[in-house]
Amino acid sequence: MQLAKVRGTVVSTQKEPSLRGVKLLLLQLLDENGQLLPDYEVAADSGVGAGVDEWVLVTRGSAARQVFGSSQERPVDATVVAIVDTVTVENQTLYSKKDQYR
Amino acid sequence: MQLAKVRGTVVSTQKEPSLRGVKLLLLQLLDENGQLLPDYEVAADSGVGAGVDEWVLVTRGSAARQVFGSSQERPVDATVVAIVDTVTVENQTLYSKKDQYR
Amino acid sequence: MQLAKVRGTVVSTQKEPSLRGVKLLLLQLLDENGQLLPDYEVAADSGVGAGVDEWVLVTRGSAARQVFGSSQERPVDATVVAIVDTVTVENQTLYSKKDQYR
Amino acid sequence: MQLAKVRGTVVSTQKEPSLRGVKLLLLQLLDENGQLLPDYEVAADSGVGAGVDEWVLVTRGSAARQVFGSSQERPVDATVVAIVDTVTVENQTLYSKKDQYR
Amino acid sequence: MQLAKVRGTVVSTQKEPSLRGVKLLLLQLLDENGQLLPDYEVAADSGVGAGVDEWVLVTRGSAARQVFGSSQERPVDATVVAIVDTVTVENQTLYSKKDQYR
């Protein structure tokens, strides 16, 4: 999985019927120091309810469909699967959601 | 998924039988600011009916086959799954289809 | 899918038994203007019969196995699925097989 | 698979239910000489029990779900599958866990 | 598939049980002219018995598991599927195993 920051949303009315009701978030990927990378991903929100500026984990490939139950026939290749609380590197806190919003 | 702009079409008569009747679009990928990237993708149109210059969402990998029903035996690794109406970043509108064609 | 040009062949006698009889083509990928990229792919020919110098479409990932019928147990991650007739960008012809061999 | 070094952990309470109990490690990828690359991966620990500073093998894509038994419905696209003992290149030892901790 | 050269081996005792008995080779990828690239892959040997310095074909993604029979539950994302005899580009021999070991 990759760390990413929620930047916004993508809205579409003319789309694959199976995408109806799927919220699409615009994520910007983060490097291993928490800096914004030039890479982004438009990802489904699996239901964790991530909001703008939150750090999340995005899963890609066929794993992105594992959150939709046994049918899994949605054409989604990226999904937000977690809102990040803390990232710890070499026993030092790189990111803490609590501090971010203090 | 990635944001892309429809640039044109690819036509082939000598091809895998399962690709007959599948419209192939030439997409150019967009960066997170809506600028054209040097990367492109030849993608199937799942039936959303995207036209030249429209912004679309392209899904890649095994997800690209989820639009073809239960058989899913088409050798397609990229599919257009939505025509984009709006992209919103940090509560500002980055792109609006309505404004584009005003 | 990506556009590619057939450059040659790869031959192997000591290989996975399921690869026997599968023709392996050396493809060089093309950019969106039809220029050769430094990236290549060794791909199976699904039966479209592509020859050296022809432009083809290559599909990658699990899609590459969708051409081998219901068994699909060949360890192939790239397959030529079409010989390209024309590529049209913004209503201009970027490539036409007919003109190429005139 | 790629060689990587365990750098830390990622903790999340608000996440996909199927990720409960899955330990998430922050890995930094290594190049073929054992130097840290700028690329990282947040990977599940399949149960090998890797600790900070250890060299591991990380598997990505659908392979990352093969460690979770027959259900395999976890949305994980990267998993630590081995702790590396030795890496040998051209009959010379590039890395030995024993020497590392001597 | 990509062309690669076998450079060495990776050994691990603490690993996923399903990886027991799977030989892990360190491959360095080759460009389309046969030069070593900075990219490597740790790949399973499917049984073709590749040795150090030999040119091989490596398959990646879910295709890498197609060599392990019907169970296929090994967490492997790269496998050596062939030892290369010859690579021919534009009717010229780029590589011949026979000449290499003459």
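Couple of notes before you dig in:
Lettered A, B, C, D and E in written order, each chain numbered from 1.
As a working rule, contacts are C-beta pairs under 8 Å (C-beta built on N, C-alpha and C of every residue); 3 or more make two chains touch, one makes a residue touch a chain.
Small disclaimer: the values here were computed from a predicted structure and weren't measured.
Identification of common neighbours of chain A and chain D yields an empty set. Counting steps between touching chains, the shortest path from chain B to chain D takes 2.
Superposing the C-alpha atoms of chain C onto those of chain D requires a rotation of 145 degrees, given to the nearest 5. For the pair chain B and chain C, the distance between mean C-alpha positions equals 21 Å.
Look at where the CA atoms of chain A average out and do the same for chain E: the two points lie 34 Å apart. Counting only residues that touch two or more partner chains, chain D has 61-62, 64. Shown here, the protein chains touch around one cycle, each chain meeting exactly two partners.
Beginning with chain A and continuing to chain B, the ring of touching chains reads A, B, C, E, D.
Contacts from chain C toward chain B in the complex involve residues 1-3, 31-32, 46-49, 57, 59-64, 66-67, 79, 81-91, 94.
Looking at the complex, you find that chain A touches chain B at residues 7-16, 18-19, 24, 26, 28, 38-43, 52, 61-62, 64-65, 72-78.
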